[in-house]
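In structure tokens below, several structures.
Shared chain: subunit A. Partners: subunit B in the first complex, subunit C in the second.
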Partner chain A sequence: MTVIFGIAAGLALVGALGVVLSQRTLYSALSLVVNMVSLAVLFLLLDAQFLAAVQIIVYAGAVMVLFVFIIALLSPGAEERVHPLEVRLLLGGLAAVVFTLVIGRLTLNGITVAGNGRLHGGLGPFAPTVVNAHGQVQTLGEQLFTTYLLPFEVTSLLLLVAAVGAVYLSKRRRPLL
Partner chain B sequence: MSSAATSIVLAVIVALVKGLLIVIVLATAFAYMTLAERKISARIQLRYGPNRVGPFGFLQPAADGVKLFLKEKAAPEGRDNFLYLLAPALAAAAALFAFSVIPIDQTICIGGTHGAGPLSASCPGGYPLHWDLAHLNIGLLFVLGITSLGVYSIFLGGWASNSKYSLLGALRSSAQLISYEMAVSFALIGPVLLAGSLNLETVVNQQHSLWFVFLQPMGFLLYFTGALAETNRLPFDLPEAESELVAGYHTEYSGMRFGLFFMAEYINMVTVCSIATVMFLGGWMAPFFFLPNWLGPIWFVAKVGLLIFVMMWVRWTFPRLRYDRLMQFGWKVLLPLGLVNLLVTSFFVALK
Partner chain C sequence: MSGMFPGFLILSAALFAIGAVGVLVRRNPLVVFMSIELMLNAANLALITYARYTDTMAGQIFALFVIAVAASEVVVGLALITGVYRSGRRLDLDELSEMSE
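This part shows the complex of A and B:
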């Protein structure tokens, strides 16, 4: 388990770095694919099979294929480098640090550090044992259609609006009358 | 050794043996499918087909293999070498990987008491020997995910070759695979709804009284049509349309590098036909009630073989579609029909 975690986490880091550091756009996109697939492996290690499958199907399989498709179609040249002290780079770095801190704080919610340095935390309502007893897909589906119904529907509406907008923008303009 | 360590070692050994078996069987199947394809095409065109190497040409695949391995590996100038070499390996790996969740027979219980009824997969006290390499709760989603990753191999192969025919083939194939994947997924949700599970073994067990093809005839047709497109078979083989694109995405590949693409294509055929068998044709169940069920793997192979034969038959019978027609067919016919099928199925499942 630990070995697999090490490999997957390492690959995820390499992929993430590749996205930022790679000169060629296509390699950046492919690094992101490596990152996403490694994350799916991490989900599997956490016993979240459904999430892992969805991660691969939606992100690595659909979203990134379209990205790669567009990149190859437009075939952009090597990206220009920015000076490390430029404002947008500093702002970006600041945003990254802030988000890391916020997410780190959130994951530590309810977890205490014991004297021996180990982390202790109580199991939430969706602990792996509970979820697996009921079925992962079943639990997620029930939650989506009961507790989180409104956000779920709003998100699907948002996607629909985006799709309609994309169709409108890509359509040839004809005079209305 | 503690019992936990023993069980891990045992699991690893079993997985390795199963993996090796899958690779050997699929590679052999690939070799003989090429022969079958040539024989069938020859019969349809009133020819004899390969009949020089061995009796009835049975050793032809071996000769082909030797030829593929010994051929000069020509590669184009200006290629992206890393991706050029990665693509065929990725294609073969994804094709082999996708097969790992397909149950060929029901779980055998070694040493323990079999769970209640012959259809139960539980095995308290014994060692459950699954016929699939990875017994996942979400087996079907796994297959869909891996096949969607297979797109990269085709695309990268075409892109890295630095050739316009390859690139056009690659672009066509990505667009086609993305479009048809939707239709294929929608067609598969029907049996999933009826079975109430994404685990492929459970789906088969739910068909013990009636195969889902009788409840989901529309879903089966939609799936099979979409699967032809997913495996780049005629009449949907636009990514490698030889009259327009030389050979499409693998134009610039030769020798065993081409062989790997070729192998991936045939193994993908086996995989989609196995999925069709598992989801619609009752997997390892005997086709008639008076035939014995314990011949499971044989029934399974027979059903898959029949579907593969139909795929070959279709290939040598129908002409190729035009590209815009292909896209229209995918988005305006298959997808809406899939949605309607899904709606009707959910309605009846909800009534039950």
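This part shows the complex of A and C:
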């Protein structure tokens, strides 16, 4: 378990660094695919099987195909140069380290883990054993269509608006009459 | 299993920080979009970690919504980038600092 976490976390970090540091846009996109797939492995470790599948299908599938398609379509010829010793990249790296330490310290602040691996304090009814006995997708679906029905409908409206907006933006402008 | 809980959160913070630096440092709008995806994914990881370790479902549901919002954001953003490219300008955020013509 810990070994899988180590491998997936390392790959996720390498992928993330590859996105930021790659010279070519296409290499950034491929690094992002590595990052997405290792995150799907981490989701599996966290007993979120449905979200791991969604991560692969939506991100590594649809979104990344869209990215690669746009990169191939635009083929930005004059690539910007990212020198590893460039001043703002050094400052950025320093900021990233500080930010990680601060956020990590704050999120772990006051959290105590009991001996059985569960957090102290308000635990919900959805323990992994209960959820897996009932079915992960079933539990998620029941929650989505009862407690979270309104956000779900609003999200579908958002997807519709985004689709219409993309069609409008990429349409060739014709003079009005 | 309990020992991995801080690991997940620190990994999430590190991924978010790398994405934030990418947004600030890079000048190619496509790479900036990919860095935003990195940050959204890092937030998803934190949400699912908390959902797993507090025995709740809200984190997973919220992560699902985040994925949907990220997908629509990518669609609109890439359409905007294509529009900028078609108008004959270079894809460099330092030059595209104004949205007017």
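Of note:
The rule is short, and it goes like this: the second predicted complex is superposed on the first by the 125 of 177 C-alpha atoms of A that agree within 3 Å, B and C clash if a C-alpha of one lies under 4 Å from a C-alpha of the other, contacts with A are read in each partner's own complex, and residues count from 1 in each chain.
In this section, a residue touches a chain if its C-beta (ideal position, glycine included) is under 8 Å from a C-beta of that chain, and two chains touch if they have at least 3 such contacts.
Just so it is clear, the model here is predicted, and its values are computed rather than measured.
Put simply, more of the residues of subunit A are touched by C, taking subunit B and subunit C as the two choices. In the superposition on chain A, A:Phe99 makes contact with subunit C only, while subunit B stays out of contact range. After overlaying the two complexes on the shared chain, residue contacts for A:Tyr148 are found with subunit C alone; subunit B is out of touch. Residue contacts after overlaying the shared chain place A:Ile7 against neither subunit B nor subunit C. Legend: residue contacts after superposition of the two complexes on their common chain; A:Val33 is shown touching subunit B, with no touch to subunit C. Contacts of A:Ile56 after superposition: subunit B is touched, whereas subunit C is not reached.
Once chain A of one complex is fitted onto chain A of the other, the partner contacts of A:Leu73 extend to both subunit B and subunit C. When both complexes are overlaid on chain A, the residue A:Val137 reaches subunit B alone and has no touch with subunit C.
In the superposed model, A:Thr107 lies in contact with subunit C only, and not with subunit B. In the superposition on chain A, the residues of subunit A contacting both subunit B and subunit C are 50, 54, 62, 66, 73. By the touch criterion stated above, subunit A contacts subunit B in their complex at residues 26, 30, 33, 37, 49-50, 53-54, 56-57, 60-62, 65-66, 68-69, 72-73, 135-137. Against subunit A, in their complex, subunit B makes its touches with residues 83, 136-138, 141-142, 144-146, 148-149, 151-152, 155-156, 159, 167, 170-171, 174-175, 177-178, 181, 198. Contact residues of subunit C toward subunit A in the complex are 1-11, 13-22, 24-28, 30-31, 33-35, 37-38, 41, 44-46, 48-49, 51-58, 60-61, 63-65, 67-76, 78-83, 85, 90-92. Within the complex, the subunit A residues that touch subunit C are 1-2, 5, 9, 12-13, 16-17, 19-20, 22, 25, 28-29, 32, 35-36, 39, 42-43, 45-48, 50-51, 54-55, 58-59, 62-63, 66-67, 70-71, 73-74, 76, 78-80, 82, 88-89, 92-93, 95-97, 99-100, 103-104, 107-108, 111, 113-119, 121-128, 131, 139-140, 143-144, 148, 151, 155, 158-159, 161-163, 165-166, 169-170.
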